[in-house]
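Here's the structure, in structure tokens; my notes come after.
Note that the chains are named A, B and C in the order they appear, and that numbering of residues resets to 1 at the start of each chain.
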Amino acid sequence: MDKSLQELADILGGRCSGDPETRIGGLGTLDSAVEGKITFLANRKYASLVATTKASAVVLTAADNSYGRNAIIVDNPYLAFARLLTLFTTQPRKSRGVMAGAHLGEGVMIGAEVSIYPGVVVGNGVRLGDRVTLHPNVTLYEGVVLGDDVTLHAGVSVREGCRIGNRVTIHNGTVIGSDGFGYAPDGRSWYKIPQIGIVTIQDDVEIGANAAIDRAALEMTIIGRGTKIDNLVQVAHNCIIGEDCIVVAQAGIAGSAKLGRNVTLGGQVAIVGHVTIGDEAMISGQSGVMGSVAPGAVLSGTPAIPHQARLRAAAVFPHLPEMRKSMNRMEQRLVKVEGELVAARPGAAA
Amino acid sequence: MDKSLQELADILGGRCSGDPETRIGGLGTLDSAVEGKITFLANRKYASLVATTKASAVVLTAADNSYGRNAIIVDNPYLAFARLLTLFTTQPRKSRGVMAGAHLGEGVMIGAEVSIYPGVVVGNGVRLGDRVTLHPNVTLYEGVVLGDDVTLHAGVSVREGCRIGNRVTIHNGTVIGSDGFGYAPDGRSWYKIPQIGIVTIQDDVEIGANAAIDRAALEMTIIGRGTKIDNLVQVAHNCIIGEDCIVVAQAGIAGSAKLGRNVTLGGQVAIVGHVTIGDEAMISGQSGVMGSVAPGAVLSGTPAIPHQARLRAAAVFPHLPEMRKSMNRMEQRLVKVEGELVAARPGAAA
Amino acid sequence: MDKSLQELADILGGRCSGDPETRIGGLGTLDSAVEGKITFLANRKYASLVATTKASAVVLTAADNSYGRNAIIVDNPYLAFARLLTLFTTQPRKSRGVMAGAHLGEGVMIGAEVSIYPGVVVGNGVRLGDRVTLHPNVTLYEGVVLGDDVTLHAGVSVREGCRIGNRVTIHNGTVIGSDGFGYAPDGRSWYKIPQIGIVTIQDDVEIGANAAIDRAALEMTIIGRGTKIDNLVQVAHNCIIGEDCIVVAQAGIAGSAKLGRNVTLGGQVAIVGHVTIGDEAMISGQSGVMGSVAPGAVLSGTPAIPHQARLRAAAVFPHLPEMRKSMNRMEQRLVKVEGELVAARPGAAA
């Protein structure tokens, strides 16, 4: 593919600066792009490279357009570059149909233009929307429902009755709908609480590799529209994750926790069960959240406290041993001072 | 299914209060149950809902039976409810046999009433008990032995020679018997220590999704009877996990660690290698255990200390910056006091 | 197999002590070995067992050879024992070829003596070296390249275009080349940044079970020669891991982080994105590294600080409540002392 700078500016809703007829055939970084490619400046740290890049054009803001290079002027160069990347790299979809070596159960309903690879096993009564892609060795249990434009990568399992919306992508090895971890002590050992709920994944969700989203005990675990979940994340039974959340790798959310909209959980964060995390809260990596969190709060540490307070306390932490010694010395000095004062009192033995 | 309140009371070993002929056809929460359903009161926080629930009967304790509702009186309403849930939701098992698209090696012995789905690959010399269910794309390597009533969900791998007892359930994607992580420096790089032991999983164990239990270097990694392991847990080589333990999601247990009976590890806990965790110890979420733990200890934090002491210290932690400032101010005041005392000594220059 | 002590000494480059004709048919621990077996002493804690072990010979250092037992004298008994273990337990490789139930795409090139099990799905244009073993239900996407002597265990996925060197072993369920976690806010929700790079795994790497190595956004994520990665580890997009690193279970490395040579990350460690970890740095378990790390540094804690300083501070941490109380008492005593001094000043009202 090859487009003029003006055509790309029009696609991005940006403004062309320099020669609008410049031909662009691909993308690269400021460092690595060659002639015929377009690059971008999102971080001013790299501004000096704009003058020297071999790229034929640069995506940047009006404020940064001071290099006399062919350019597309936009408000958000990073987003614009991502859109160009999509434009230049998206392959035309090719439907492969149901391939030999795939196994379909009874009463399966399949939409148009699907691709179902060898080793896929689809249970009875499953319904698949249009343009669904099931990569090799995906397993859908009985009664699963997938919307349109769903892509499940190799090795994904979706357990009985779970529902997945439109434009959802799930990466390899992830498990949707495994049993929640629920047992009651019965005086002898652990009695398993049947987990008869489901998982509902709303539209435009993406989930990384080898994650696990447990089915609800009775009703449903919900992953809200637009939420993005990274690799190796654990979502326990009955959780309700709001819309447009970001959950970074290896985070874990315990049972019945509720996240609002636009919540961000850093990597390896732990959220205890039965709490509510308010809209737009941000929890920094490795933090442990032990209670409910107000909307917009920015927390870190275990137990999590406001992020700035935690940074200040963590900066003092390495000084604890010297603080303790210093306190002990002060105590001794204080004892001495007190002794001298007693000795100096009128009437004291001199 | 539909049963009278008296029949259900008999099944639970409880006592019927109100109309024993009340027909019950299912279950629900205090909030969501409708007529014809039974609900339960396990947490007194919700006691006020007993008067208003639309359910036709309530499972509760004698102490809480003050609402004049149809009820079953038991000692442990949560456990009783779980038993009813099992009763009302358990489907009759249907053996599917060995389905087309499953691959069996040589010398495989198979019990009665098994279900082996498409995409399952069973290695040479494997032995399967009665009523074993192998969901799609399960892989059993050579020489694996499974007891009766074992269910392995889609994508589970059991490596060469590992042994699994009776009534064991393993959820999707979990790996039993991957090589332990053992290397010796050889002066140039890392020399792999062959991992020639196995994993033994005893009766009544349940393991969640995408967990990993490594085979022993020489002998066996053991998961004790009745132990329940959650999603994404790591059990390293040579670990011996006792009976009836609870290991919550994303916990990791390093090599050769030994857990007693009824140990509880919270989510994301780390246990270092070669330590012993005593019976009934409880380690709270995200804690890091650096040494052996006495029976019954309740620890938290990294490094883990007694839980109450840790809560008290963690409450002081955010105040470290002000403590440090306060100490510095006190030091200055002390210097001043000491100076005044010196100046006030008899014979000092006035 | 059965060899003389002298033959084994020659293989190990060690020296024989005692009867060189002693026949050795296997290995065991000091505790468990029986007649005809050889054992080893690597940890002096167990030295007393050398006198009493039932083994027919012991591998030990010259300094420890004071028991009059048949022995092989070497510098590194642990490494020597590992080599004997390899010698006694390695099975002759048997090529199984491409088995029924494996699915090969178009234009696949396959080396000599491969074993491709049922349920394996190999995409178009994949190239496999000699002696490659693909266990059941492995999926290779289009354009994947594997070197010689590569073993991929059941359920492994390698995504489009990723490259794996020679003598690489990857355990069950691990995912190579899932999309990096990259989104840009577009004012409405999250816009996905296409992840068009690959993963390159160099020679002699071993990766545990259920790990996830993400493909780069534009170029490549690299796992360096000889590096060993444990179970459930997360390596994010664009990471460059150096040679001979050790990454213990459940550690997570965020995007664009760079590890030098011989870096060790303990279990559950988190490394933030865009930092550099110097050669031979060691990060202890559960630590959180927030910035770049100098070569050879030994860090622990979150945020990570020098390990010894952290141990000292952690030892004081449980005393924080008493420190705070003690400070408050000292403050009161200081106020009293200051008052007495003021009262004692010449001219003060008495």
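Rule of thumb we're sticking to: a residue touches a chain if its C-beta (ideal position, glycine included) is under 8 Å from a C-beta of that chain, and two chains touch if they have at least 3 such contacts.
All values derive from a computational prediction rather than experimental measurement.
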Superposing rotation of chain A relative to chain B, computed on C-alpha atoms, to nearest 5°: 120
Interface numbering overlap (same over half, different under half) for chain B and chain C: different
Chain centre separation in whole Å, for chain C relative to chain B (CA means): 25
Touching two or more other chains - residue numbers and ranges from chain A: 119, 137, 155, 173, 210, 232, 250, 268, 301, 317, 319-320, 323, 327, 330, 334, 337, 341, 344
Residues of chain C touching chain A in the complex: 103, 119, 121, 137, 139, 141, 155, 157, 159, 173-175, 178-179, 181, 183-186, 189-194, 196, 210-212, 214, 218-219, 232, 234, 236, 250, 252, 254, 268, 270, 272, 288, 301-303, 305, 309-310, 312-313, 315-317, 319-320, 323, 326-327, 330, 333-334, 337, 340-341, 344
Residue ranges of chain C in contact with chain B within the complex: 27-29, 32, 76, 78-79, 82-83, 85-86, 89-90, 100-101, 117-119, 135-137, 153-155, 169, 171-173, 204, 206, 208-210, 226, 228, 230-232, 243-244, 246, 248-250, 267-268, 285-286, 301, 314, 317-321, 323-324, 327, 330-331, 334, 337-338, 341, 344
